[in-house]
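Structures for review follow.
Okay, so chain A shows up in both of these, paired with chain B first and chain C after.
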Partner chain A sequence: MKRDLHQFQGPPDTRFPNHETANTGSSSKDKMMKVKEEEDGGNMDELLAVLGYKVRSSEMAEVALKLEQLETMMGNVQEDGLSNLATDTVHYNPSELYSWLDNMLTEFNPPPPEINNSFLAGAGGSDYDLKAIPGNAIYARSNQFAIDSSSSSNQAGTTVTTTTTESTRSMVLVDSQENGVRLVHALMACAEAIQNNDLSIAEALVKQIGFLAVSQAGAMRKVATYFAEALARRIYRLSPPQTQIDHSLSDTLQMHFYETCPYLKFAHFTANQAILEAFEGKKRVHVIDFSMNQGLQWPALMQALALREGGPPVFRLTGIGPPAADNSDHLHEVGCKLAQLAEAIHVEFEYRGFVANSLADLDASMLELRPSEIEAVAVNSVFELHKLLGRTGGIEKVLGVVKQIKPVIFTVVEQESNHNGPVFLDRFTESLHYYSTLFDSLEGVPSSQDKVMSEVYLGKQICNLVACEGPDRVERHETLSQWANRFGTSGFAPAHLGSNAFKQASMLLALFNGGEGYSVEENNGCLMLGWHTRPLITTSAWKLLAAH
Partner chain B sequence: MVEKNNNERQRVKLVPEFSINDHQDVLVEILRRLDGPSLCSAACVCRLWSAVARNDSIWEELCFRQVSPRPSLPLRSVVSALGGYKRLYFLCIRPVLARLPKIIWSHDQLQLSLSLYCVHYYERLYVGAWHEDAPPSAPPSSLMFLRKPVNVV
Partner chain C sequence: MTRTRIISPTRFPSLKSQRCGSGGDASFMEQLLLHCATAIDSNDAALAHQLLWVLNNIASPDGDSSTQRLTSAFVRALLSRAVSKIPTLFSTFGNTVFQPPADEIHRFSVVELAGFIDLTPWHRFGFIAANEAILTAVEGYAKVHIVDLSLTHCMQIPTLIDAIATKLNKPLLLKLTVVSSASNFPPFINISYEELGSKLVNFATSRNIEMQFTIIPSTYSDGFSSLLQHLRMYPTSYNEALVVNCHMMLRYIPDKTLTPSSPSSLSLRNVFLNQLRSLNPTMVSLIEEDADLTSDNLVTRLRSAFNYFWIPFDTTDTFMSEQRRLYEAEISWKIENVVAKEGVERVERTETKGRWLERMRDNEFGGVRVREEAVSELKAMLGEHAVGWGMKKDDDDESLVLTWKGHSVVFATVWVPI
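For the complex of A and B:
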């Protein structure tokens, strides 16, 4: 059953249905056909996927070759060779043709030991040495770990090798559960020592945490590593690896976080639903976004506005963000992309970008607001308000500006945890629980560069929380009740998020890994997304009290 | 149909055999009534059928078969602008259907799929700008969570 391998590479041409490979002379036509071939290749993959085969059509030629090789080899091998296969090997899913064939062939011809594994083995060697690792080296190790997983997952079909190496590691460990308990105790003791200013004890404990952390696997290891690094930085008074000015890096990291797990998507979708409902019947709408970043929240809102009953309104967006490190006008670029999208879906769009070092620098007069009879305004803030709590008067000023704007709705998404208490030890304990839960929820995600970057994103927050003080400490999270108090005294009343938002959120979570582990809760009209029983982020909506 | 031809042959001159490939509009009508896996099988049959299956109205029918009332015209222009129904089906609707099998396919799921599709379109606008150090064949996609690991195209 030998197929003509070229059949998969030639683009279909309806004029000549029996034509094998089109070899025309002109180069432009070749280029067009090549583009078409890539598109068709993509479509072929999807079609094969629906039929249950996980193989790329670009690999089909090689798959056919390998099938032939396998056939000849099986013909040549003697009986005992085959029975070996039956007992000792791990069989992979045959529908993943490419990797399955690869595996079968290597069973017959074991390759020389892979060189890239020695890198991992070298790192593994230092695991079992259990010598004390000083503070800075912990950070270097976590970088190494990050590079490990990203390089091994970049190879085609070798996600399997990373899991097998990890599983061999955990087989050799003993008493890892006991070590886990000791690890947590060591972390708490170290934080307490820092609180009491016993820096020498703290230093000794940090070193111990270092080699206890590597005895763990998975989420606990990563969390402990990040906390240990942050504690070390606090003890040795080292400044954090990157200052907060590097916004483009944190943008990229947030992008990866967006892709890996549902938290940001949940935030955007629920806030959008509240804004959509508040904008019902309005002909001109204006959204002021305190957390512009890459503008990922707005395509979905624009699409919903485009398809709403009665046609889309005129949509105006004002984006506010910090200055970019390389002075590029990145807010402007975001605006251009959104404008492109708006044009594609036929929504009239207007955009303005504002660069501000801090939200407290804003003034309502800068925003060019139009009278409220003409334009309905919504204000949106995702993970931005807590950064103002470090400056005295910061949050009051911003809430004052929001009141001057007179929005029909003010949507706020914040982390659900108190990391702003006056006592360091309390903050440390709370954040340890919070980030352990967060990292736990990431464990279900298959390893990829995205996942590593998401962990780095969270690690930066941990570092800021633990190692910085004063105005440098920007990650000052507070719980819903604390925010509700603050908003209530400033003149805002809660606007309940409807059942539509709840339904959309539940559906979205069901798409992530079957929704196992994630839970959506409603709390006084606000929606909380949590992992198992622990709420992690909260979306709330607020409107102005009539009297103010 | 062949039997009828045999009977008629006795009285009339030869009637040419019917080939579906000569009547592509009929083929389109037939394909529009298929479900997802059958349609994909049909699209793998030969190059002609693959080309016919690229007709977006077939996939539109597949996407909206269970939704009533049937969505309106503005939806069609928005979806075409975002990349067409076929891509919508593969990227969003099929994974969503696969992961939410017990839920009756209604307007809410459709809205969610459309939102995800829109975000995906927006990210593709960024393909050059963002991942400069990543290999160019790996565009960012927030729909990565809907894809199984091997199938990353």
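For the complex of A and C:
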């Protein structure tokens, strides 16, 4: 299958010398080039030259994301003259690689989610001097190309395990601690190289990372894979497919994330607890949700309001979300379903959905607010505020709007990490630690569609925060103290989440894997959910300072 | 384009009709609990979480209404069940939330236990009815052998000893036999049965009654077979009355619902009664709670349990908080056992009166009507307690039933071999 690489912008990069002329020696690369040239004589984009094959624009891959990963790794196959800098070179068995590629070109199958199984050993080396691999390295994506581990010479000290995946591919892994350390170093070194604008070094390192990642198992491999892809994109200036299409996809991914691990549920339940308590005694209440998505947060709150002492209030919900790609009114759909629920539980319900590209486009006047003596308002934001930090004035505008709303409570859930520092390397380091911890916590979850999709969900975040810049970089997470500062200077005071919220969180966590590993911490009245000692998600609640 | 998916509102229980204050109506709570149980058992974690969150908010263990506290006990039991479905051990969490009730169970001293039991007619009812029948049955016997299979660690006996002591024709010897496994469920005492026995013997001596106290190691899990064997080995001698007093103990004997694969005739309860019958006892008293907690289906069982255990919560609603807490802890233990445990761990397998009567008749026992003196004594006793307590006589089957606000609570029956 061919791919249309024209969809990727990126000027021809002069860092990459023209590959056609840089061929050295007789190598399988030559063979491959010949194969491709035979296949069609179409144009070769310069980028394609890097990656080594031709595409037809008529064929668009639907699994662009995964394919890009694959192609980045495939780029390692094309050795060029520039990476004479990597000292640790690893080589692959040429004949097997050839047949693998041949198979790829003639019979493409969409890669399954566990794409990281199909990594190819990276190659470095200035002159494409092929030697036998130390240890066993390659594995194929299909049965026909099951690699015989005995074909390569073994170097002492590496352990070899053979595993069979569910789709009966056989895979040979090399697992060694040493490689894990090298992997982290390679990641950091690559980021540093990018920071210093040494893109050729960075490129060499990213290829190494691909190979080293394969030698790891579990969370480390996945994290390294996502970070490697993101780094590659940054190096090659391949930005991820634009976000417009992605809203429904990211909603779906978030659903899977919701089911797989407790973070989103924790966010919802703790925020709901604060809202429920703030609404005590109020007869008419209004929730403005900046993060409507599928409305997963609200059924439980509505049910609790339905059963509270003194009977339920009149419940109004305003849901705000980005436009859907197919112009369907998905916010409306969500509202209808919530309305059905409200009817079933006898809660008077009113709903309005607002589509906005960015929260900063909102104005208080649009929201049809009613006087605060009549209607108590809560504003809720789960993982949305950080997206505003990329545009100047964004967050200030939104906080201004919140103040105009005069909510009795403003619940905020954000990732607990600083991924918004001015220095790329710092952001990279922080996020590497953060996502490693997050992926670690997913390791205990039995494999399922949900889990895989959750990992993709997180992978997209990684990709955005490493590969993008400027307004495109939306995953600008910050820590509680940073947010607290910002809220404080904007005229908000913290509203402590009570012990009920803590108890609820603890209780509900007990149901996830027995609560093993997760920890709930209270920090200045805010609740943090973390994995082992590392806090990952923070729920905080805010109210207006009287003076403002 | 992927269709948006939302937790379907129809999965949330639709609650009908009125609302009321004070933490919500019992029927709402019940419905939510049932839905939660279904969600847990079908591994629907997301719905279970949502329902537990709601339940936790509307039902607090220190809530004002007994319904809230009852629901809270059920929520803790459901949590316990949910957690035990997960193979890994759960770490001790906020010591705030998650304590298995068993840890909190109080160990009573004998005096405390006596006081505790006297708080409500729950046990007194059966004590009085049984003691009256026993006094009648042992009239004229020189020796009286009482086998006390009771949940309450012989709390019935001192009154009986007193009554016997005041009779004109006192028996020469009073033998009291108990089993040693009676201490696996609440209420728990803080002394050994040996000590308990010696206290009772001393008490009897102080009333000029000679008493022997025997402890037989025997367990409910095999239908007290060692006890029965012992009784067979030492059959009643001439002029000796054998009285078997079963006070809320027989429910612990496994029944068909524990081992559904075994043929129906092999119910251990039936085996016990059959072997008991073959000993030709002078009298058997059977006092049990009137509820069906045997279903294999969690939802059914939970519904039955909710519709029964609201009663003890309600009866103690007006008590002082310390006593009430103790009471509720005992009941919570039972609730947890019924809801969260399975297999041999689930010991609380209470059967209805109808079922027990059937068993007794099947095993050739005939019911005996309790005397009028007993009935008036019972009425007098009930008068000492809250207004909601009552009793009814069931003319069809010679049983006496203790009621709370009209609902059947405990039944007391007396049997002789026929």
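As a working rule, the second predicted complex is superposed on the first by the 369 of 548 C-alpha atoms of A that agree within 3 Å, B and C clash if a C-alpha of one lies under 4 Å from a C-alpha of the other, contacts with A are read in each partner's own complex, and residues count from 1 in each chain.
Note that a contact is a pair of C-beta atoms (placed from the backbone, for glycine too) under 8 Å apart; a residue touches a chain by one contact, two chains touch by 3 or more.
As the structure is a prediction and not an experimental result, all values here were calculated from the model.
In the superposition on chain A, contact of A:P446 is made with chain B only, not with chain C.
In the superposed model, A:L511 makes contact with both chain B and chain C. In the superposed pair of complexes, A:L249 makes contact with chain C only, with no contact to chain B.
In the superposition on chain A, contact is made by A:G311 with both chain B and chain C.
Contacts of A:S499 after superposition on the shared chain: chain C is touched, whereas chain B is not. Of the two partner chains placed by the overlay, neither chain B nor chain C lies in contact with A:V181. In the superposition on the C-alpha atoms of chain A, the part of chain A touched by chain B in one complex and by chain C in the other spans residues 252, 255, 258-259, 265, 269, 272, 294-296, 299-300, 303-304, 306-307, 311, 333, 337-338, 340-341, 344-346, 500, 503-504, 507-508, 510-512, 514. Within the complex formed with chain A, the chain B residues making contact are 21, 36-37, 40-41, 43-44, 46-48, 50-51, 54, 74-75, 77-78, 81-82, 86, 90, 94-96, 99-100, 103, 108-109, 111-112, 114-116, 118-119, 121-123, 125-126, 129-130, 134, 140-142, 144-146, 148-151, 153. Against chain C, the residues of chain A that register as touching in their complex are 248-249, 251-252, 255, 258-259, 265, 269, 272-273, 276, 294-296, 299-300, 303-304, 306-312, 324-326, 328, 330, 333-334, 337-338, 340-342, 344-346, 499-500, 502-504, 506-516, 520. Those residues of chain A whose C-beta lies close enough to touch chain B in the complex are 12-14, 17, 40, 42-51, 54, 56, 96, 99, 157, 159, 252, 255, 258-260, 262, 265, 269, 272, 294-296, 299-300, 302-304, 306-307, 311, 333, 337-338, 340-341, 344-346, 445-446, 448-450, 500, 503-504, 507-508, 510-512, 514. Within the complex formed with chain A, the chain C residues making contact are 1-2, 4-10, 12-15, 19, 21-24, 28, 32, 45-46, 48-54, 56-58, 79, 82-83, 86-91, 93-94, 96-98.
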